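Pasting in a structure now, in structure tokens, and then I'll have a few things to ask.
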Amino acid sequence: MSSRLVKISLPIWLTSIFGVLMIIEFFFPMPAEITATNTTLRSFVLIVSAAALILGTVILTIAHVRRISTRKPEWYYSIIYLIAFATTAVLGLSSVRETNFLWIYNNMTSPIGAALYSLTAFYITSAAYRVFRARNWNAAVLLITGFIVLMMLIPVGAAIFPPVVPIGEWIRSFPSSAGFRGMIIGTSLGTVGLGVRIYTGRQKEHLGIREERKEVS
Amino acid sequence: MSIVKKILDLDQRVIYLILFVLLAYPILNPVILPMAIQDYSKQAFNFADSIPDGSVVLIEGGNSAATHPQCGPGLTANIYHLLTKNCKLVFFSIGAEQAFWTNREIQDAINKLPAGVPAENGVNWVHLGYISGGESGVAALAANIRSAISKDYYGTLIDDLPLMKDINDAKAFSAVFWWGGSEGSIPYGVRQLVGPYNLPMSGSCTTNEVPNYSPYISSGQMKGIFGGVRGSAEYEYLLRVPGPALGQAMATNFGGLFWLVLVVVGNVLYFIQRGRGEK
Amino acid sequence: MALIIAGRMLALVALLIIVAAILFYMQRAFSGKIPSLRRLSAVDVIAEILGRCVEMGKPAWYLFGSVDMTTPSILAPTVAAFQTLAYTARMAARLGAKFFVPVNQGLAYTMANDIVQEAYRAEGKPEAFDPLGTVMYLPSGADRMYIINHMWEEQVAGAFFLGSWYHEAVIYTENAARVGALMLGGTDTTHNIPFLVAICDYSVIGEELYALGAYVSQDPTQSSSLAGQDIGKYFAIILILIGAILATAGASIIWLFKM
Amino acid sequence: MMDMAWLGLVIGSFVSIGAYTVLIGDNPISKVTEHLYTGILGGYILAMNWDFIMRNAITKIQGGQSIYIISLIVSLMLVTRLKPEWLWISRYPVALTVGIGMGLAIRASVLSDFLAQVQATLLPINNINNIVMIIGSITAITYFLFTAKYEGPYRYINQTGRLFLLAAFGVTYGQTASFRFELVIGRLVDMLKPEVAMYTYGFLVVVAVLLFYGYSTKKIPWYKGR
């Protein structure tokens, strides 16, 4: 019984207590001790999250080492990983303001990151060619609004067909905002619903808890 | 398999390659397509154009490394524009990094100037450099330049600069250009220069900040504004001096047009295929 | 000292109404009164995608997008996606589909790892779970290259894109589509839902992402809570209608929001 | 001495080309870039988070705020997972994170999503724009109703809501597309700067030759796109 308490019940209870602390603090004026506790708790989350990232990196490195030692297919790429990892980690652990560490970040990580981010332009274009076909009414709405707005936003678009600007602006300000408004209101209700399910202990998958559900009586 | 189907099932890598070429080409050789000018840019350009030849103009250079690629070409075009009108320019920045980039933009403009246009430091233009103190620094500069700063960006004493001989406060200027970049400093200019001294002002900021300042334009406190890279490109276009911003805007054009053409072609072929009853 | 912080009175009232409605329906479920819900087609799609992967002998991927457990607006959809992951992983284990879950944040990685491991254990196939390979941590950012490369290399046949999606949405979905995967996508971020809806074969939008977990849970109290959320929607609609009619008549109820 | 800024531009250009090869599909050059990038980012994340913990936990403990020892203990609870019987211990850090995160998400979404959006819709019904706004918002909300059966008048309301949602999605699609072209252009501008352009072209040629050789001799598998 006690094992169930510490393994299952207590984590769920703690989840609810922390959550309710955050919510009441938002609505009611609180004594300074509680606000201070809440601030400390939130900084704990950041520390735990940082620790988890370190753990993840270590496990990833172990996976690469194992790939090399067991000579899995394409193991040689892992050597590149290890060299890059070791160099950056050693430089960075000595100091995060180390010049070479920052140089590597600014001249290798940022350009690759920017290049990968910009890949979206290519995929957006090829996806548009493949899926933007007026197969039915729904697809046609997506296609036409997307077409008008892009045309409005590129400098030459308004020069080719000036009315596109007022039309595009209207679509952007009214039908589009209205659609997103419904979606956002729905999402906020979804968040509250999820919170209630978690805090009442009905939903506990995220804790890694699996229980064969007994039928509710 | 019919040709229509073949084009409809075009390998995505062909699309990527074409897009690459279309985006890179205008950067290397600006191809000028017609462009629709936004109202704010047109107003700002007309304001700059209406400044009488030979006036003394105050310019705040607020572009940093992050905003130089977008707004720097616009300031360069602005300097080019005013120098060709034989205006006398006084620059300052409210950040140390910004002072460096302003200097770079001044040099860019001077390198572009057609032969015969005078652009001598100290005579046609002065770069006062970094003025500390943010908004209060601007106020101090407006009230008395010599109390706010004694040497210019290059370390020359202000009193040794011929252009500064008769200039001692904001009353000496006939216009202000506030190239705020992402500093969010345009209100400083409105509050410290436009309000107390009744100077007409225009300027630039990043695209996302334009809506914040549109109230100033509708109230007349600002004469117009250039937003981001598109604003810079429009300045270059209106001035008929192609520069890096125009190249980038044209590349966006090419990318966008390619997207639009692909969608149109895709749909036309799709309906042809459907009309033929092919699957 | 005011009893309630200024400007938050209506928010508190709204929260209490919504929570009370949800709890009311959950309570009713205990006594066997279960509201009838419309079928969410995405529920059946999960089995379809996994079945296809088994048939083709190719892997199924479950991706979360940009995960950051320290940002509440990202945490919520991610936690919602975890519940669906529990169901999907279990079904994948049962059907024998090769399952892969890349995660780009440490804490989410440990959570996903526990969930999938638990699912395999529940189906009595713990040996099919590879502690280093089934769930994998990839540094945020680098995961983009890994995922594109491996999508082509492994020729994924099915992919789930649930959670909080940012610009990766179009990168992954378009690649998966070109590889030929059957996809289910859904997010609540307004900026990237268009790509998931346009490119994926099946999609869930906004609140449906949160509801999906409750649908697949086979727990009547959870699915009943969705009826409570509907009360929240009616509340919003009534508020809008009353406010609009009053505004037309020249009266404003904005003061209510400022309380 | 080599000019580090110039070298940075050249290296940046090379690795960008490596990253762009991923557009072709899986190939050795993109794999090399992938592992290089993962390695660098792994090292970077390790160092930055180590630094974060040092500054925000260890320094504070040394400064007498001993409560932060708890944060370290909770962090260590994550590590217990390496022994399967102790897996449950890592539920505590998860409980902390999810409890706090959901609490913050709920309180923010009720005020700044739910009510703020409702408030923005309280418009007088006197012109077409406001009518579109109100009808669009309401039908889009009803699109998400779970208890309504897809029949009768609700079918039409649901369809209308869906159209409004799709219009919103189309707008975002177009808007994002125009912005994303600027990203590629930004990267290309750096890669084609006069001082590095020659190296960019050179590397591009090398990559093209290598890939052509690989594909033509079938040493690299060519994946057919759908």
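To keep things simple, chains are lettered A, B, C and D as they appear, and every chain counts its residues starting from 1.
The rule we apply is simple: a contact is a pair of C-beta atoms (placed from the backbone, for glycine too) under 8 Å apart; a residue touches a chain by one contact, two chains touch by 3 or more.
If you're wondering where the values come from, they're calculated on a predicted model, not measured in any experiment.
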item	value
Chain located farthest away, centre of chain B as origin (C-alpha)	C
Pair of chains whose C-beta contact count is the highest in the structure	A-D
Chain at the geometric heart of the assembly (C-alpha centres)	D
Centroid spacing, where centroids are CA-atom means, of chain A and chain C in whole angstrom	12
Between chain A and chain B, centroid-to-centroid distance (C-alpha), Å	35
Euclidean distance of C-alpha centroids - chain C vs chain D, Å	16
For chain B paired with chain C, centre-to-centre distance based on mean C-alpha positions, whole Å	43
Two or more partner chains touched - positions in chain A	23, 26-27, 45-46, 48-49, 51-55, 57, 60, 109, 112, 116-117, 119-122, 124-126, 128, 130, 132, 142-143, 146-147, 150-151, 153-154, 180, 183-187, 189, 191-192, 194-195, 198, 206-209
Residues of chain C engaged with two or more neighbouring chains	8, 11, 15, 18, 69-70, 76, 79, 107, 110-111, 114, 117, 138-139, 141, 145, 174, 177-178, 190, 193-195, 197-198, 205-207, 211, 226, 229, 232-233, 236
Residues of chain B engaged with two or more neighbouring chains	12, 16, 19, 252, 255-256, 259
Touch-based graph of the chains, sorted into line, ring, star, complete or other	other
Pairs of chains, among all present, that meet the touch criterion	A-B, A-C, A-D, B-D, C-D
Residue ranges of chain A in contact with chain B within the complex	121-122, 124-126, 128-130, 132-135, 143, 146-147, 150-151, 153-160, 162, 165
Chain C residues touching chain A - in the complex, by the definition given at the top	1-5, 8, 11-12, 15, 18-19, 22-23, 26, 29-30, 32, 69-70, 76, 79-80, 82-83, 85-86, 105-107, 109-111, 114-115, 117-119, 121-122, 132-133, 136-139, 141, 144-145, 167, 170-171, 173-175, 177-178, 188, 190, 193-195, 197-199, 205-207, 209-211, 213-214, 217-222, 225-226, 228-229, 232-233, 236
Complex interface listing, chain C residues touching chain D	8, 10-11, 14-15, 18, 35-38, 40, 69-73, 75-76, 79, 107, 110-111, 113-114, 117, 138-142, 145-146, 148-153, 155, 177-180, 190-191, 193-195, 197-198, 205-208, 211, 226-227, 229-230, 232-233, 236-237, 239-241, 243-248, 252-254, 257
Of chain D, residues touching chain C in the complex	19, 22, 25-26, 30-31, 33-34, 37-38, 41-42, 44-45, 78, 81, 87, 90, 93-94, 97-98, 101-111, 114-115, 118-119, 121-126, 130, 134, 137-138, 141-142, 144-150, 165-166, 168-170, 172-173, 176, 223, 225-226
Touching residues (chain side chain B, partner chain A) in the complex	10, 12, 15-16, 19, 33-36, 230, 233-234, 249, 252-253, 255-260, 262-263, 266-267, 270-271
